[in-house]
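Next come two complexes built around chain A: one with chain B, the other with chain C.
What follows is the complex of A and B.
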């Protein structure tokens, strides 16, 4: 750590640090300040009275929080199970196909999630691609597959697939081949190699993937609106309603703070345990 | 320890299946966009490209396109500049608050975007700024500049700091080192960061939702139409937006593929880890 590097490092970090301080940290403080204001005010020039938080408890908003967190946890779990074999194969089995999959997945990432979810609603609705085709071929139709809780979880799994897949690939690539081979040579069953070697050594990738998909899914709103048709109300939906129809900024801010505290403490906990240089740079220099 | 044949076939099939599922909804949107009927129902009886003509001729769509393009272009330039220097501080230099800085940069990415947009709306309101497409640029940047930083940082992790030291020993000033060694070596990262920044801004909806004020971007308009009932223009405009993104990616891929034809002289510019010739 030479004096030159110290100086250049601090200098290079300045622009984005200043920007994030003003565009990220300060706004969060504003939300926190707003959440303490009396209900239905639009500026911060009032005496804080915390009625918004009392309202959050009284109106039973914990239900939407529970739905959001529950569905996020479930979709994260499903994503892990779906992505692990593919990520493993991308590292150890596929050669050219790994690149093809990477490109294909990245391309969907840049298509607005609205459009992709809209595509699913066209696919799953009554008279949609699946039901309509089935009915015209077999004569039997069924009610659409939309507007229920499983389809929301499905939407979350679909949208956040890349956020689990790529960190897992990175994590699995960090497992030294020698460790796997040595374990196998010493008589470990494939199952033991998985549970004793690969899962623990790939854990940084698993943690990043799990955190990303959980956090993003917990704050998601489009899936429940476009696919779920408000079968359940999620927390972000409540926040949005409080700001738009409700015209109740302090209530919206208090709801947002609840979400931020849950999600933020998880993110901080995981980020604190993670050595980013190892995850991103693949090892120390 | 090579996987047995049946296992490779099984995993390959699994990969193909997942990729098909990934693209199934886009197929549905595509079919919907070429259906002649005003009210969509599968199987589609009559096809027509009329909706494309209507979408391309619509004044509303033109305005939306202009706004989305403007926002995405400005976000791209600014996030690449912020991200370039951010990445050097993130990955290249060892300095005192580096780990803290890394966490600050990552935090916005791990944040629900709707909440981020609302927080900014309240902040703009508190300081008396009226939301418009300009404030949406700020909102996009809060999320996209850290991503650009990460993408360039991955590249910065991979390069050998000795190259900079060597250039300095040979008498380069700090500025010359940046221009002749660091920037050319990070160039591929910068290009992919720019591409990502543009596309992520182009397709972004949750951040725009609360921060564009009276202006509207393409994804916002699509969402408003989707929740207010079916309109045949939604799949068409959606498909056009996707096509524009794909075109950009294809263009970038073509440039990357053709680059060796134009690259001559500097070795550093081709991205290899060798020092540049003077």
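What follows is the complex of A and C.
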């Protein structure tokens, strides 16, 4: 990269840098400052105090964190299994239909996530569409399908579907067709073509999709609240409670910092192994 | 070469909707032969290679590998292998892993794979330390050799090539053409090579098959096709050529358009005119005649242009009847000097320089 290109790049990146500094970095620092604020002081100019972090450990908030990370991991895995065949077909099988699917999936993003989840809530609740219909036809009812862990995972899969699908499409499109044909020509079975050629060559797309779904799902709160009821408490729920009902800002901030550090280091680890230029199709050949 | 063909294509037809890419073609390839299928773009050569490696299915006909139907085997079970135009190397694998890929697929152990990959590096004149090199750190010529090594690791009964040299610069291509020919001799494998470049075909192949509009125009050795083309298309396809119309028989006295012909030779053409309608002479068989020199076929002309082709010089000569003749002479012949455009010349050739073509009898 020449000095001229670097200058031009820096210039183009200035607006977004300023925006991210103000809108992302500053709040993050404020949260970090809150997390080390002594209890009941409410003053940003203070000697750092780590009692809030001690409380996080002592009061067993790790359980919420584990639920969040566990459900995020499970939903990411399910998303991958669901989206891979569809993404593969969107690249290799469907022609005009690919555009239809793309539009349909994007359209769901126009409606707010909470409204869509309420829709599911009305569908799955006791007396809702499914249970209510069954009861009116057969006379037998049940407790509805809400308020358990599987339904939360279902909600996560449902909401973050596009965030896995599109990166996978991009990743699969990056696999050169000739590489697949050549592998088959050299004797590889379809399964071997998948494991030896397609998965490794699509891995940038898999990483991006996995990262997006996992990070978003780990911080998600609406699914567990609207569909899960109080079946389990997720970490974002704890953060919210600490800031609002609990009025314990240091604790809320400390919980947020823990989540950010865990998820952030996972993301950085993955991004470090990923060449974004390749994903954007500008990698060196 | 054994007598029984290793590959036999029988009335192979491929249609795409209304368009017929291959019109029931037949071809036999002998065991150990280097056969090149040459054709301009749109001739059907890409379709043919796709059928041969199983990327597409034919509409009609059959492909036999000795006594077995090759076309009925799925692509990954065919004991043949192809070197792709794009080479299709695997960018996420090292050079050694690329070469040993077919062995990994067969489940061979790490040690056996590495040993074979290193043997093939030697065979293809690649340095041993390339085993762990990244593909994108290799040059174009090196990638060619890696792709070849990978195909040989598969140990195919027939090796197909889909224009693998077309992306390379001229000098590297020339080098690799000769390497490929040498490799063919060393391995004794059957090579079926597809290209649009006649030059490539002539340098490397035992036989050449010329494909045009989904049909073979002619199949034979390079020399056969060059010296005795079956029709005008092949004659022109194989390089610069002078074609003269031969007429006579029922239409009147025998004549060759634009030429004065020795009386004795003219009488002997009466027999040819019954079966042929074209007289072909290659540019190197035309001679510039001194004022008192004689030839069996003679015409006047005016130099229109001249080009130096290294050791030879090519002249374009306007004939009195409006046609343009092509003549090639050694550029450094003693006493020869370049003829300037505009100069009047006499040119001629003899009966033994001529090949007769039956364009409409075929």
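In this section, the second predicted complex is superposed on the first by the 272 of 285 C-alpha atoms of A that agree within 3 Å, B and C clash if a C-alpha of one lies under 4 Å from a C-alpha of the other, contacts with A are read in each partner's own complex, and residues count from 1 in each chain.
We take it that a residue touches a chain if its C-beta (ideal position, glycine included) is under 8 Å from a C-beta of that chain, and two chains touch if they have at least 3 such contacts.
Because the structure is predicted, anything quoted here is derived from the model rather than measured.
Student: Look at where chain B and chain C land on chain A after superposing the complexes, then choose clash or fit.
Tutor: Pair status: fit.
Student: For the overlaid complexes, name the partner, chain B or chain C, with more touching residues on chain A.
Tutor: Chain A has more residues touched by B than by the other partner.
Student: Is A:251 touching the first partner chain B, the second partner chain C, both, or neither of them?
Tutor: In the superposition, A:251 touches no partner, neither chain B nor chain C.
Student: Which partner does A:71 contact after superposing on A: first (chain B), second (chain C), both, neither?
Tutor: neither
Student: With the two complexes superposed on chain A, say which partner A:10 touches: chain B (first), chain C (second), both, or neither.
Tutor: It touches chain B, and chain C stays clear.
Student: Draw lines from the C-alpha centre of chain A to the C-alpha centres of chain B and chain C: what angle do they form, to the nearest 10°?
Tutor: It works out to roughly 80 degrees.
Student: With both complexes overlaid on chain A, does A:239 touch chain B (first), chain C (second), both or neither?
Tutor: Only chain B; A:239 stays clear of chain C.
Student: One more residue to check, A:37. First (chain B), second (chain C), both or neither?
Tutor: neither
Student: Could you tell me if A:153 is touching chain B, chain C, both of them or neither one (first, second, both, neither)?
Tutor: After superposition on chain A, A:153 lies in contact with neither partner.
Student: If we overlay the two complexes on their shared chain A, which of chain B and chain C does A:184 touch? Say first, second, both or neither.
Tutor: both
Student: In Å, how small is the closest CA gap from chain B to chain C once the two complexes are overlaid?
Tutor: 5
Student: Identify the residues of chain A that lie in both the chain B contact region and the chain C contact region.
Tutor: After superposing on chain A, chain A residues 181, 184 contact both chain B and chain C.
Student: Quick one: in the complex, what on chain C touches chain A?
Tutor: The touching residues are 53-55, 75-78, 81-82, 84, 86-92, 101-102, 104-106, 136, 150-151, 154.
Student: Can you tell me which positions in chain A touch chain C when the two form their complex?
Tutor: Those residues of chain A that touch chain C are 176, 178-179, 181-190, 192, 196-197, 200-201, 284-285.
Student: Under the definition above, what is the set of chain B residues touching chain A in their complex?
Tutor: Spelled out, the residues of chain B in touch with chain A are 1, 3, 7-8, 11-12, 14-15, 18-19, 21-29, 31-32, 40-43, 81-83, 85-86, 88-99, 101-116, 118-123, 125-126, 138-139, 141-142, 145-146, 149-150, 153-154, 157-158, 174, 196, 199-200, 202-206, 209-210, 218-219, 222-223, 226-227, 234-235, 238, 241-242, 245-246, 249.
Student: If we count contacts the way the header does, which residues on chain A are in touch with chain B in the complex?
Tutor: 1-2, 5-17, 19-20, 23-24, 26-28, 30-31, 34, 42-44, 82, 85-86, 88-90, 92-94, 97, 101, 104-105, 107-108, 110-120, 122-123, 127-129, 131-133, 136, 158, 161, 177, 180-181, 184, 211-212, 215-216, 218-222, 225-226, 236, 239-240, 243, 249, 252-253, 256, 259-260, 263-264, 267-268, 271-272, 276-277, 280-282
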